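Next up: the structures, one after another.
Below are two complexes that have chain A in common, paired first with chain B and then with chain C.
Let's look at the complex of A and B:
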């Protein structure tokens, strides 16, 4: 009997050791993702291709962002949306429309509304979290996505004021880019699915040039977010992140 | 001879108040309650149907199939397109009906300060209706002019009406700008400046909370919905809902436009087919019939009993009259004539009083809005009765018949009285 207990204890310890050896810690993976993906600031020219139930629309925009808290977006086309600007500062969001010459603060339930009919909400726009600051992580498996070996990482929020209580990431083992993400509500319901494609090396980082967002509560084929140009760590004048910049 | 008996009975009733006043009051009270109960329940049901039809369901309503599935969410991205053509077809095919497009939408109403920044804001429920002409059908259907509290009806482009309590909450004055922040038909964020022309109160809590009413052309501009509408409402010219006819029109329309492969095909539904309204109406009508029947039956029993009591109370008088040689048949007939007189007088009085109160309730109603602050049901918070042809006899007939039948049963005792024992009974 003693022999059997000793045998199974040794087996368990060996399996744990092997597991620990094969699967890196969740925190190490999140740190690696943050090191690769986040920057002091960035300027992005992008287009959003929204595949709705009645057809496809393309909206181009330019965004200046700094850290997690500041972002300024100006819509470039089509004509109806051209000149609309959005400013995120801290946990506040304003929008400016040249048609009405009004600067309006977006708050409350409006933050959960879709941005320009896409699968992204204002909350999604406002959130670009450093994962390691807001989530604790555990590696639960490995899988291959688009021919790239990935770790499957499950994240649980550690800060309460976050849009998604938990996330599941399939992150590229070498490039530290999450190639697929599933975002869940507190209830465990899957709210959004995000796929990151066309990963290329830009200014020494691996970065996706195309992202596909799918709001799982909406019918439709999702929204493609295509990066036409991205520059990291630029000189961005401070006045860009002010309300005065909205009316300029 | 008959006239003389009738005159004699009436004189007797008038002179002996114990024989007339109390029985007439009893019959009046019964008839009054029957009329009031019937009229108020009828008013409740009619108001429920009418409010739903005017603001939500129409007598028939056309939407796209997918819009219909999510109608509660006001999904304008799934709205009807090519509405002009469709309206032309409908007006040609059903010239005896009123057809009017509407757009329901949600958003944020933002009030600017002097610098154009947000002074105050609140979530708004909007309805785009045809207000292009002063006498447009929707202005009448929604009773907009009657609902006006402050200001005037919109007469120019971008002018809107806003619910009075919402305007007070936002501290919004007549003539001020209010910016709608909403979503276009294609989901894009949109802002649009409106000007407040007036404030309204409908007496329906869900509408009086935070509603704005704008001309549908302005709403189309704001929400990028050219030649589109969320819903097309159809009403009969006399505004009376006929379930069978409306269901027939809806079925014929759906046969013409049926295309199972097109999720945006227009579908028409009658009022009865929307939100289980037909089942609800059936249930309410059955409930009303049961409650009124029970009440009428109970009142009949009370009045019958009053007739019986009256007969028993006059035991001595009947004995004297028999002893004086009045025939049993003559006595029985005179008592029935008396009860007919009492029944008619009491029922007429009760019905008249019931009709007067019901008419007053129909015209003025009782305002329960303070008790319905959180109500989500689209019905008037002013409770009104409705006088129908039934109101004229629902109390009158049971009033007359129950008191007469009661007397007839009580009067049978006259025939059991033995003339030989009358003097002994009277001595007692």
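Let's look at the complex of A and C:
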């Protein structure tokens, strides 16, 4: 009997050791993702392809962003949206429309509305947390996505003031890029799914050039973000992130 | 007396011209009395609904609460003060917690206000008993307009997404257990009602509320600096302001119609003075003083107004009584105006309204009848009889 107990204990410890060897720590993965994806600032020219009920619309924009809290977006086309600007500063969001020449603060229930009919709400636009700061992570499995081997990482919030209580990431094991993300409500209900595709090396980082954002509670095919150009750690003048820049 | 007799005889003798003027004036009498009667009836009838279903004896608002400021909603909540909690226990006050959320009717994203109310409360007369359930599924009551707009029916399951007080998203499925037939759009459009304790749990705000509705038996409101009291006068101000604005709009219409009618009387008087110069001259030659002749013509004009009262009474009283008895059906499209219109609006005619309308129109008709008659003072009998 003593032998059997010893045998199973050794077996269990060996299995745990093997498991630990195969699955890296969640924190290490999050740190690696943050190192790869996070930059001091970035300037992106992108296309947002909105698949709506009445067809597909494409909106081009240029975004300057710094850290988690500052972002300025100017819409470049189509003509109807051209000149619309959006400023995120801390937990506030303003939008400027050249047609009315007015700056409006997006607040309250307006934050929950869709941005130009996309699957993103204004609130979603304001969420871009550094994962390792807000979540504890555990690797729970392996899977292959688009031919790339991935770790499945489950994230649970460590800070109360975070939009999504839990997330699930499928992270490229070599490139440290999440290829798929699922965002959950506190109740465990799946709210959003983000697929990141066309990963390419840009300025020494692996970065997805196409993202498909899907609100899982809403009907439709989701919204695509296609990055045409991205530059990291540039000189961005501070005045860009001011309300005055909206009218320029 | 002779002036009155003469005036009446001349007026009736003018035939169709007189009756056209009288008809138009009588229409204006009826229209003004009916229209103003509607407004008189509107305030008590709409405010009765609002008091019964929304404001009761008044409301204690959290100091940050402003129903017109969407920015304020998320920060407008606080622990219910102990003095008010005692009233809540006695069912003399009903706390309501308001939070913002999102629903997905037919797969579309739509922001809503989630209102939490205790299903046992009796302060407000709304059908919330069905929110009292032991089921794990969140029970939801929607207003009729909200249900109609989104195609909700009892038994439908809705996904609601909201943020707790920390800003973390949460979502749950809820079941529509009641469609509330209310005439008060401010407790209907863009909102869903759920049990207070469930919303407090969902938002992580135990024992908190956004506003507390005081019972109708409230005598003296409590003085709570964090929860200022808003009385019925304040809460019904929107209705009084809107009715006042509509009344003013109505006055413009009356002024235009009255102007047209008075113009007709004025023209009639000018024509009469011109065509009946010989008659004027004869009256003066027979010894009638000028002021007497002017009085004949002025009374003649003013009699239009008196005859119009008689004609208006003839067809107007049945119409006015019928609409006061049966009421005016209000189409559901009128609910978009934001007023709590009843299904039928009953006009209320006061003696002041009827008397005042007659007096004002009579005065105006008399003035416009007098103005052309003044020409008579310059007439010489020898010239006009030539």
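To be clear about the criterion, the second predicted complex is superposed on the first by the 248 of 248 C-alpha atoms of A that agree within 3 Å, B and C clash if a C-alpha of one lies under 4 Å from a C-alpha of the other, contacts with A are read in each partner's own complex, and residues count from 1 in each chain.
Keep in mind that, in the parts below, a residue touches a chain if its C-beta (ideal position, glycine included) is under 8 Å from a C-beta of that chain, and two chains touch if they have at least 3 such contacts.
This one's a predicted model, so the numbers in the text were calculated from it and none came from an experiment.
A.B. asks: Check chain A with both chain B and chain C modelled on it and let me know: fit or clash.
C.D. replies: Once both complexes are aligned on chain A, chain B and chain C clash.
A.B. asks: Touch test for A:142: chain B only (first), chain C only (second), both, or neither?
C.D. replies: After superposing on A, A:142 lies clear of both chain B and chain C.
A.B. asks: Is A:164 in contact with chain B, with chain C, with both, or with neither (first, second, both, neither)?
C.D. replies: So A:164 only meets chain C here.
A.B. asks: Would you check which partner chain A:114 touches, where first means chain B only, second means chain C only, and both and neither mean what they say?
C.D. replies: In the superposition, A:114 contacts both chain B and chain C.
A.B. asks: Which of the two partners, first being chain B and second being chain C, lies in contact with A:191: first, second, both, or neither?
C.D. replies: Second partner only, chain C.
A.B. asks: A:215 contacts which: chain B (first), chain C (second), both, neither?
C.D. replies: second
A.B. asks: Report for A:104: first if it touches chain B alone, second if chain C alone, otherwise both or neither.
C.D. replies: First partner only.
A.B. asks: In the superposed model, identify the part of chain C that clashes with chain B, out of 128-136, 182-190, 200-208 or 362-370.
C.D. replies: Clashes with chain B appear only in stretch 182-190.
A.B. asks: Does any part of chain A touch chain B in one structure and chain C in the other, and if so which residues?
C.D. replies: Comparing the two interfaces on chain A, one with chain B and one with chain C, the shared residues are 105, 107-110, 113-114.
A.B. asks: Would you mind writing out the residues of chain A in touch with chain B in their complex?
C.D. replies: 50, 52-54, 57, 59, 80-81, 84, 95, 97, 99-110, 113-118, 243, 247
A.B. asks: Hey, which residues of chain B end up touching chain A in the complex?
C.D. replies: 66, 77-78, 108, 110, 112, 116-118, 121, 123, 179, 181, 183-184, 186-193, 224, 263-264
A.B. asks: Contact residues on chain A for chain C in the complex?
C.D. replies: Contacts found on chain A: 105, 107-110, 112-114, 121, 157, 160-165, 183, 185-187, 189, 191, 215, 217-220.
A.B. asks: Which chain C residues qualify as touching chain A in the complex?
C.D. replies: That would be residues 69-74, 100-102, 104, 106-109, 111-113, 159, 161, 163-164, 166-172 of chain C.
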